[in-house]
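Would you mind keeping the following structure in view while I ask a few things?
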Amino acid sequence: MTTPLLSVRDLTVEFAVRGSWQPVVTDVSFDVMPGQVVALVGESGSGKSVSCFALLRLHGDSGRTSRGEVLFDGRDLLSLSEREMADVRGNEISMIFQEPMTSLNPAFTVGSQIAEVVRRHRGASRAEARKRAIEVLDLVGIPRAASRIGDYPHQFSGGMRQRVMIAMALATDPRMLIADEPTTALDVTIQAQILDLVKDLARDFGMGVLLVTHDLGVVADACDEVVVMYAGQVVERAECFDIFARPRHPYTAGLMRSLPRVDGMGEIEIIPGTPPMPDQFPEHCRFAARCPHAVAACEAGPVALEPRVNGGAVRCVRTLELDLRRTPEGSLA
Amino acid sequence: MSVLPTTRTVVESPRRRFVRRFTGPWANRFALLVLLVWLVAAVAAPWLAPYDPLVQDIDARRLAPLSDGHLLGTDALGRDTLSRLLYGARVAGLAAITSVGVGLLGGLVPALLAGLLRGWWDAVFSRIADALLSFPPLLLALAIVGVMGPNLTNAMLAIGVVFVPRFYRVVRAATLAVREETFIEASRSIGTPTAWILRRHVLPNVLSPLAVQISLAFGFAILAESSLSFLGLGVQPPDPSWGSMLSEGRAAWFYTPWPVIVPTVTVVLTVLACNVVGDGLSDSVGREKGRA
Amino acid sequence: GGSGSGDPDPNAVLRYTTSAGATSFDPHKTVAASDFIVLNLVYDRLVHQDAQGQPVPGLAESWEFSDDFKTLTFHLREGLSFEDGTPFDAEAAKANLDRAREPDSISASLLSAVDSVDVVDPATVKLNLNSPGVHLVLTLSDLAGMMVSPKAFATPDAAKALATDSDGIGRFTLAEADPGSHYVFEAVKDYWDKDALKLGGLEFSVATDPQTNLNAVSSDQADCALVSPAMIAPAEQIPGATTRARTVLTQTVLYFNQTKSEFDDPLVRRAINLAIDRDAILEGAQEGKGEASQGLFPSDYFVSNDPVADLVTYNQDEARDLLKQAGLEKGFSFTAVTLTIPQFVTTAEIIKAQLAEIGIDMEIKALPPADMGVNFLKGTGDAVITAWTGRPDPSMLFSAYFDEAAPQNVSHVEPEGFDEALAAANAIEETAARGDALAAVQKVVLEAGAVVPVTFNQVGTVCNDRVTGYEPTVVGISEFRGVGMTD
Amino acid sequence: MSGPLLQVRDLHVSHRIGRRSLPAVRGMDLDVAPGEVVALVGESGSGKSSAVRGITQLIRPERGSVLLDGTDLVGLRGKALRRARRDIQMVFQDPYSSLDPSMSVAELIGEPLIVHTAQGRAERRRTAVEMLEMVGLRAEHADRYPHEFSGGQRQRIAIARALVLRPKLVVADEAVSALDVSSQNQVLALLQELIAELGVACLFITHDLAVVRQIADRVAVMYLGTLVEQGPADVLFDAPQHPYTRALLSAAPVADPVVQRSRQRVRLTGELPDPMNPPTGCVFSSRCPDAIARCHEEAPADRRPRPDSSVACHLVEADPALQPSLP
Amino acid sequence: MSAGVVGRRTLSMLGRRLVALVPLLGIVTLATFSLIFLIPGDPAHRIAGEGATAEQVAAVRSDLGLDQPLHQQFLTFLGNLLQGDLGTSYTFRTPVWDMISARMPITISLTVVAMVFALLIGIPAGVLAARRAGKWQDRVVTVGSTLGLATPNFVLGLLLTLVIGIKFQWLPATGYVEMAEGFWPWLSHLLLPGFALGVIAAAEIARQLRASLADVLRQDYVRTAVAKGMLPGTVVWKHGLKNALMPVITVVGIQTGYLLGGTAVVETIFGIQGLGDFAVRAVLAGDLPAIQGMVVFAVIITVTASLVVDLTYGYLNPRGESQ
């Protein structure tokens, strides 16, 4: 097995809330191999974005990484100086965001925004940078790229802007791409195009991709590995086909069953209640309050992330006793 | 199925939330206190003032504060500074209220109409407001005073005219913004009559930016009044106004700085309070930042 | 004398800042007597004055009266010409004297004794008088005797043109004027009186605020500044500068528009004269610098104030009594205009407070110095609180303000017996006797309550020590004669 | 089946943009039967919201008719329109902006009652509380304000408000799109349950096909201001006729890697054209993988491959027997 | 090419703005003309003076055209205005235009110096506060600007003359010197009044910039810029500032008007004979043509300022919407 491109270990992120530090993301660990697409899934508020930002140290002054390490190619990003970190961002690791409409600077042309990264990290001349900008816009499928680099973001549609974002992320040939819900704001037809593009890039350039999404359809379509987050913790981590076929955590199972499917397969079930907010995280299993399989043991104390059958990891005391394959919840009681 | 609110469990109406947020920072509380003090001073000046503000005592000129029964001393004519300050608060308050009143009278209704009806109304009113805005504020006031004659009423009228386009703009913008809010559409979709929508949905939402403007306008009015009085264009002597006190005190600056210091501190503090309250208002109204 | 050292620099430009400019550069048609302060720089008069207010030769090298004082002959200085090149001769002098006597001239009433002017020869003019004219010599040292180029006033819009640009004969020419606020004067080359002109130029700035004027000297933005009474003490503190102040003839007065408000009644006017506590004003508005008026002249003047003492002595009871006699025991209200200069605003405030005590409500309206006189004469206000600039001869003051025809007599009402009393005074040359005669005129005026004298001012000037030859005059007006600047 | 509750015919809706007019809906025919749930799907900008606002008269349609229970809403004004609105209530997409933040929950739910009934304050409150409980909230929530609730809870309040008058039709414009997965399911389930319970018909607008599959009886697919296909949900999902419907269905990923990665995919290139200058001929011709020359020249008429469905595509075989019965 | 696009858009916007100016100037002129109706009583009577005879009043009336129908009066006013004839001052008996043009350079110099002060202080302060939002630097700027806004410029002016002009004699406390006499003499005379005048504008700019920049710095595209590896300076001064500047520019435009008004006070204190001083005197004397002239002039300045502001918008905001 090759060494991971990115290795996150016990990442814990805290935010200053009313004067005290409150952990929002706790002990997140996962790896991304070169050429691999890793999905980070979970409900809204489960800490996906916070984890991503923490990787690149993009959380503002109100947040801090209190524990853990982020090894990129063996280097711990958390111990770099601000300046060294700026050299990593956009150069070795690029990031794209959910909102294509607001993530581009409205005051500058698309071309200059792409050229800017190239000049910053490659020290390219104006002309070279411009050439590179046209190249990458072409790569992401913007028609007539050469004539559009002088346009401003508002002259592009949402899908095209997301492609511009991707082009910008790729302009420096990064080895790793972090994409935080890159398609949520887009229509399915456009989403399909963007996902295809990302998959191609991973495959063709050996780029590692961390794809954040809450859409299991997207996961099923594009990912190799899946990391499931719930209330700031990784609850399960496994290879894509396996986790869909045999979820080992009740939350993963619930998530999958609660999804309406276009193919109409499967009964829809609902996970009752809402996830806890960071200030209400219990000491014990954080899903216990909503878990149909919860027993007294679940509330006994913190649950560790343990190796999982068939590889990966899972955070559940009953994982071995439960068979969570598309079975109605009642039948187990 | 249980869908209990996960957020705060205290019941909090928008008004209470506003009060909580507004009274949070000490600066806001302090500013509010200052304004309250002046309000009381202005209303109760005749009862609070230890002396008649116009009575001169040439033998007790330019007393320093805390001397001879004069808490804040006396001016070059032996008039009690504290009493003049209190009566000056009346002038300032009156000035602010008149001018803001004129501004509201001229700005509010056209703005609501323009924002709601759009089209022709909007075009006409907005052109007029633009034109008014292109007059530099103090100069417009100066011109009006110059033509109508220098006295406080005219000065305040003039400053009121200055406020008209400003209030107009704020209210119109807020009306337009509210108009676009989905909850207005939602209410319309229910079949709510327009008048009800105006009263129940538009007005309350327009009031908050307006309140901010009003408190800033109060500050500006006090500043403008003191500037005009300083130039001899506002309150006519010997009536006390903070600006004229300053201007008079200035002539005797060499003999004692107190008649200058006292009104200066007063003006600065009061205008400061108005601005702080304005800022506080704008920070406290509206929805909670970020989603609950 | 000046305290500067070394010889004055003939090219030096003296920067002077004061509180009032000129309303017009037309000495005959202006409406403000105080314009003299600026106009003397550009217009020489037939007669000039020394620091004690005595007549000295000006454009006339000498003059003499006939024995009956009914003919006055001037012998003019020869070889001079006006700014525009027109030669100055007897014809020109006559044209000016005639113009000064036109009905709309500010000096018309002062020259009412003059019947006609004759040109005797190119260097001699003769004034034929209808009554003895002892006062005329000094009168002609004022606006009345200023000489304007006849060419300038022969044009149809002379009045308009002269209002903003002078065309005269004098030590300076007006190079630049921003009416009422800033004037630049250039010295005339080869001026006939070398002792009088030691400067290359003069810059006149106007700031109504006395503090600003002082600031200008303090921070070396001006070489000299007018100092109001309240500013004398601060001015004396300015390092590197000398303040010279003395009580002068310039007097603060309250003066009525007798056609307006209740002021058509002499009782009311006299009541006001009695209701004013002049000592309080001297203290409150002038820091005690100057003198509380006991009449129209300072106490050490050759005209005695004794006959009028009880007409101007503070006496509230009698004032109330007079009001009652006038049927105004309930009081009344009127508007007094005054100058935006703090001293006058303060004076007005004190007067207001004092009048309030006898039930009279006075509203104050302050106007800028350059505009106030014009506005008052146009009918703004019922009364004015202003300063009457010192006049070299008392009769001028009387003629200027109480003669029926005088433009500055806004209501054109003349006290009864005024003409006779004044004519009598002007027929006497001997000082003491003339003083008594003038005191009688004063009595006529004050019995009619035609004016309320308030205080005499101390006028001061602060100059930095580069300025030489500065001397304050009794009249209170500095002509900057002989003033120079060292480097 | 009785006659349709809502009958939309030849609806045209335009927006003014400065001086120009943007035709957002161009000739739409749609029926909703009593108690039926009809889903209107389509890409962003295809005109779904415009259609809904045209139907509910929030925008005056340019042309066409909207018959609700036989009354044409188009042209109604003032009181008559307000009265008609009683029967057609809406739930909006954004639960954060569609509830006036200055009103309490009880006031919000009670607002329609003030307008349409003579109920007094106390009675209104009782009704509001009833409705609250019906949507799974509790009486004690009645005095709270919208900002204190999560998105899903707010949408429940919006539903309570829409149903309080027992309308005949509820129009839900993207009512769950702004919610995350679990609340989306909860709200959807609630809506479905209430609709069934109260016998209300529902016009459900969404771009999420999975949601459609779960809730809709019938589906209408919109593209660039026109309906390209409509029919019963099962039929449409199992045998989509229009190339756009097919593309849409295949673009939506299935949450099962095995199925998803073995699916035949119709790939579309390009994006929704500018509605200001739509392509000539068939609106979909510029992106259609199957387009033939005719598609670029001639706009296809609706064809009826089955009695209960219609498709606007030149390539679809119509059932000749059904053709004349076109509305 | 993009410059061309911006240029063309800017030009067309300038065209549109100029067209839009026509009604605006129309209303402004009408309003200025109408000032005469604010004169209490009969304007002719007031202008002729209360002591004037009936003939004199009549003469004034016909002289000013007050006996003509209103629209005729307005057209005359407008006609004269277009020829640069603002009438003759009643009290100064000088053409108003001559007085204004003589004083214009003074007041414009003062205003420009004040604005430069405002920008030099306001922009760095605003940027600092936004970058350190919530920190002590932010607080200092906030307190400072709130205080600046509340301090009347005459108070500041008095203080500056007294301390810097008189006590320390670092800078001249009064007066004005033309630039022809040297740059430093000119500037040194304007520093104190310029500062006194500019502080309020500086405070306003700092506040506005702080607010808008802090807002911009929270925007997604700023996060994008950081994620691209841009250095903090580039992020703030390039990506942040260009977007945050729009409302600031608006403030600058608005403040131009306030500065002009402020000259009335500041010029009085510093003994500068500019337009502010002229305005005060015209106003005290109720000199209608002078007042009207001053108003027209002031409007021309503010309108020009707002045109410049609009052109700047075109550059700052490629979307071309005026806020």
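Just so it is clear, A, B, C, D and E label the chains in written order, and each chain counts residues from 1 on its own.
The rule we apply is simple: contacts are C-beta pairs under 8 Å (C-beta built on N, C-alpha and C of every residue); 3 or more make two chains touch, one makes a residue touch a chain.
All values derive from a computational prediction rather than experimental measurement.
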Hop count on the shortest chain-contact route linking subunit A and subunit C comes to 2
Hey, how far apart are subunit A and subunit D in touch steps, shortest way? 1
Computed over C-alpha atoms, the centroid farthest from that of subunit A is that of chain C
Count the touching C-beta pairs: is C-E or B-E ahead? B-E
Distance between subunit B and subunit E based on Cα centroids, please, to the nearest Å. 22
Just give me the whole-number Å value for how far the CA centre of subunit B lies from that of subunit C. 47
Just how far, in Å, is the C-alpha centre of subunit E from the one of subunit A? 52
Check: subunit D positions touching at least 2 other chains come out as 150, 152, 186
Give the residues of subunit E touching no fewer than two other chains, as numbers and ranges. 268, 280, 284, 286-287
Would you mind listing the residues of subunit B that make contact with two or more other chains? 1, 3, 6, 150, 232, 250, 253
Residue ranges of subunit D touching subunit A (in the complex, touch as defined): 43-44, 150, 152, 180-183, 185-186, 188-189, 207, 209-211, 213-214, 237, 247-249, 251-261, 265, 267-269, 271-272
In the complex, subunit B residues that touch subunit D: 1, 3-8, 11-14, 17, 181-183, 185-193, 196, 200-201, 204-205, 287-288, 291-292
Which residues of subunit E touch subunit C once you look at their complex with the stated criterion? 48-52, 91-94, 99, 102-103, 161, 165-166, 169, 171-175, 189, 268-271, 273, 277-278, 280-281, 284-287
Where on subunit C does subunit E make contact in their complex? 17, 24, 160, 163-164, 178-182, 205-209, 212-213, 215-216, 218-222, 257, 259, 340, 366-368, 370-371, 374-375, 377-380, 410
With touch defined as at the start, can you tell me which subunit C residues reach subunit B in the complex? 209-211, 230-231, 233-234, 237, 280, 283-284, 287, 340, 342-343, 345-346, 348-350, 352-353, 356, 363-366
